[in-house]
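Step one of this worksheet: look at the structure below.
The letters A, B and C name the chains in turn, as written, and every chain counts its residues from 1.
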């Protein structure tokens, strides 16, 4: 039993899960409260990475990159909400699909025009570029940071959603939007904050992963689907659901890619296992989604009293 | 001819803290018009929804034609002969009146996995549909779009569709909602004509109408039936008068 | 459920059909064979769009994963050819069989949901196909699969020539349009259309709407896979990109722009889209930006969204939304 490999893969799974959580939490809130389907949420992920990258390269400071990037994405998110999303809350979902599809095209092309078609590498400061050794286990420092950051944000979100007034409004809105409106809350401001917050979280995910994978055009477009699956599995409108579902899916996906072929070799020939395993591990999270839909269609942790 | 067609026993339904249906017991005899009246919010539509299969009750039983139908989905109950009309007009707006009623006929003429012939040209569907429309005095409006006719005519369409299903029993949820005096009178006459031939359970707000049609009257208050009796007896019933304090009735 | 928008003369469509029939000769005479390629691709897409319109326009089922069926069709040709099976009928049988099975399973699950859920789930399932094919390195993964020889239909039609292939495509398109037309006006079609507008109503009449909608979904998937078979033959290079959800999004856009719930709508939409794509890409390499902006403006300011925009074309009785 290669413990080093197992620990590394668990960490990778955890990392993927937390990144998915950053994406899915915003998505699930925007769905749950505004009933708005945002295919272009992955664009905030991309924009975050590019903003951060540019700032790091120009100022040499990773901290400025992160902070500046977050502010930048927040503004972009707020603008999109004000100019576009706001006009569509009462529209057909089909309209949401088409508009946000258009937004993806716009964002991708703008990024292309501004930063060119090659990806952007984001250098890590030396302090983060090393490794941490714990006994016989060696872990890259940066990945530990990502996990720490992800858990911190999850904790902050938990506090926000369950202990603050804003969080209460968010939870109420996720269960019953009309009620919240009837209570005289400034619904426009609430929506704006939720939308911009969601975008910022997505942007954070992008800038966290970019030093490892490079910032590139359209980098958010595939992972956003996985985020949608997380939202379905966790329950629309539920941050708690998004948390558990992201970790579940992140671990499932990572571990199956490493270990499924070995598992399958126990019951079939080596060649068959090697061909089939990658395909099956690619399908696993969707099979899980299908299973959830069959047995618990509102998701694992639907918000109380939700439809 | 005095067998029970529909039998409701101990029906209960709660929504969170609200009891919408509270231990309801009711029998509908074949061939009668049985009306359910009650103040706003009494739970009348919720009751109809549980009978038609749109809503699942928490406990209790419903027997229709001798069969326990609580586990039957909506389409199955419909094909068994339980036809429903909706309180909030629920027809297919972009189709004509004729097409709407033809749908009702089609639903009860075998399966619809027929992919080739034009449904609109089918004589059997047309004739049966026209019969229903004629009963409701809508035959002249047959080719108008459902979305383009008056509210009263849409209410009539609801009943025409229910009738076209050749049902054993009609569940009518406020068929005359929003109708003027003349249209209501017409509807009452039509429903009275059906008495004996069809069994009707109807929910209605309009007291005068109910008094002119019903053989039996059940009063629903806060989800519970407080009295079931003939029209005369109900009118003189103290508990019922109390429940309606403030409501105008003759 | 009109054949064409009511204020556009039917005669225009007859003329259009004649032009399409004569296209190879027209393009040859003006020495622009490239346009035949463009038109071929457009008509293949039109078949896919027609299949999507069946469930989206007529049935109200917004599938954001229909490109998966194009992929299944294309890969049926690709994988069979990889193993040196070039028989066209085999390719078609494979495409129809696999797409029907996939549609049955995923449709059975997806159709238990509505609205936003349905859209997301169909999208997720097509991503599943995408990633699965991507991970099968045997069949080229993201490098794709090259086909060296087109499907063989011995004695019937030669797919190797562009003109031959074009007529196959046109023929299949016309058959599809006719089939969809009959379907929509049949009893089955009435149930599907009725369920789009008022599913509870239909159930209360006695229709098992789930079964009918699932059947419609499977039929639509099978037609779409035929488009994929043609596409595989047409491009000779098959890659998972055909299945991306951006492709599905394009199909939805085409269907909307062409006019939902008309039979010829998808054809118009496809031609408009392909022409737009051609024209815009000549203006700038950043044409996606213009396209995206147009999409956004169209939805925001076309009165009542795109539905409203298009139903203004139909001034007679017969509101499409």
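Following the convention adopted for this analysis, a residue touches a chain if its C-beta (ideal position, glycine included) is under 8 Å from a C-beta of that chain, and two chains touch if they have at least 3 such contacts.
Keep in mind that this is a model prediction, so the values were computed, not measured.
Of all the chains shown, the one with its CA centroid nearest the global CA centroid is C. Among the remaining chains, A is positioned farthest from subunit B, on the basis of C-alpha centroids. Distance between chain centres (mean CA atoms), subunit A to subunit C: 31 Å. Inter-chain spacing, taken between the CA centroids of subunit B and subunit C, is 43 Å. Work out the mean CA point of subunit A and of subunit B, and you get 50 Å between them. If you check the complex, the residues on subunit C that touch subunit B are 182-183, 185-191, 193-194, 197-198, 200-209, 212, 215, 317-320. The touching residues of subunit B, counted against subunit C in their complex, run 52, 54, 73-75, 78-79, 83-84, 86, 90-95, 99, 102-104, 106-108, 112-120, 122, 145, 147-148, 161, 165. Chain contact summary for the complex, subunit A toward subunit C: residues 31, 35, 37, 39, 84, 87-88, 91-95, 97-99, 101-106, 108-110, 112-113, 221-222, 225, 228-229, 231-232, 236, 275, 278-279, 281-283, 286, 289-290, 293-294, 297.
The part of subunit C that touches subunit A in the complex is made up of residues 62, 64, 106, 109, 112-113, 115-117, 119-121, 123-125, 127-128, 131-132, 134-138, 245-246, 249, 252-253, 256, 286, 288-289, 291-296, 298-300, 305-307.
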